[in-house]
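Read from first to last, the chains carry the letters A, B, C and D; within each, the first residue is number 1.
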């Protein structure tokens, strides 16, 4: 999604934010939100294993919502509040970690391929949030 | 919105959460999200004062997104993650405080009535998040 | 949520919209979104009946998303596009009807109390969308 | 975002949907949502031209919300409702068209580069919705 980088380059006031880290984090949040929603729906379609996947569906749903808020906050870089951005990135990091741990277990123990893809996406988003948080604190 | 309380009373696994504080916080988040979105739109319609309200519009937009995520997380009480819920409530509290401070200034200094209503809604949501957070830590 | 009505009364450009129907529809969309999300989570917690409720969870999830978009569109009454608003209200009406039909069946046939509350909320939202659509066409 | 295609290939019940058109439309909706939110924020930062861009900000905000709902509905392909999906795609198509027209005018008449990028993204999303709608009707 190179379009995000192009869009940020036209923004008159991206300000003190590192545009590369911002674009990478925004893209990771968007992807993670969609992948989590798809993982919840795929889990719901696993007739035989469904009873073992209900907590996974809950965490997928929560993680998608938190990633969406992070993406929205990152889409308002012009005059936004850095303290607020930091708090939402922290929540996103926490949600991605919890969801990744749950999905990794199902990928490993039950061979759930969608959980494996979702865990990777959550870990990427966790790292992108961490990287952007690091640049905000500096 | 008594319907929320009624709905929570039918939920088979609300678990360790205090249902009254949960319903109150969920309602406050829903209201605050909508009020912030309306305040952004009202500010955008203030022809004469618009240039003084751009940061308010940004904070309204961010606060609405963060409140929405908090409402979504609170709507998954069955098997959700308390650590994740705590982080999102913390982000919501932080967003509501930032938005309330901005709106209070515009209500006081420029007589912006919508900012006054919005500030009240943000403060109520901030307090409801604080109360629920207190019960989670206990 | 009287606060919505108060907020709309401070908006400088609500324009051609009927403020009472707008506030009622906005409130119905917010409530329906939250109730659908809670119904999905409650269904997911119904250990014994879970396999019969997977389509209900899908429809709850879709309906919550569509109601949220309708609420967002209605929160931008100042200079928004009426054609766009009409299309989103139509989608919302369609989602609420589908979800209500599914939930009514589970309330009747399996005694699912949360589906009963959800069906009522969906029907209220369907009617509020219909009423606002009627006033837009007039 | 090849990850979406990979994820859909692991989904046990994508059913009657064309997975390629679904992945393309989902990706277009996610991108359009983020680009519209960034365009609104960029417009808000255009000190000198701000007064000419308020309707653009409103349409950006509405379009982002409608695209988000479309992405959510498309992320529930397992047991979702095709009538509901069709209605939300129709709303998305309508929102993207309205927003593209507004942004194209600002790109052309005022040289607003972010509006140019946003118009392209809206047109891509409009076409992706059209293509998926065509396959659903077939």
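Going forward, a residue touches a chain if its C-beta (ideal position, glycine included) is under 8 Å from a C-beta of that chain, and two chains touch if they have at least 3 such contacts.
Computed from a predicted model, the values in this text were never measured in an experiment.
Which chain is most remote from chain D in terms of Cα centres?
Centre of mass proxy via C-alpha means gives B as farthest from chain D.
I want to compare two interfaces, B-D and C-D. Which one has more contacting C-beta pairs?
Result of the comparison of B-D and C-D: C-D.
Just how far, in Å, is the C-alpha centre of chain D from the one of chain C?
Spacing between the chain centres: roughly 21 Å.
Determine the centre-to-centre distance between chain B and chain D, using the mean Cα coordinates as centres, and give it in whole Å.
So the centre of chain B lies 27 Å away from the centre of chain D.
Which chain C residues sit where two or more other chains touch them?
Only 41, 44-45, 54, 58, 61, 68, 72, 76, 78-79 qualify.
Help me check something: in the complex, which residues belonging to chain C touch chain B?
1, 3-4, 6-8, 10-13, 26-27, 30-31, 33-35, 37-39, 41-42, 44-46, 68, 71-72, 75-79, 113-114, 116-118, 120-121
With touch defined as at the start, can you tell me which chain D residues reach chain B in the complex?
Residue list for chain D touching chain B: 40-41, 44-45, 47, 50-51, 54, 57-58, 61.
What part of chain D is in contact with chain C in the complex they form?
54-55, 58-59, 61-63, 65-66, 68-69, 72-73, 76, 78-81, 83-85, 87-88, 90-91, 94-95, 98
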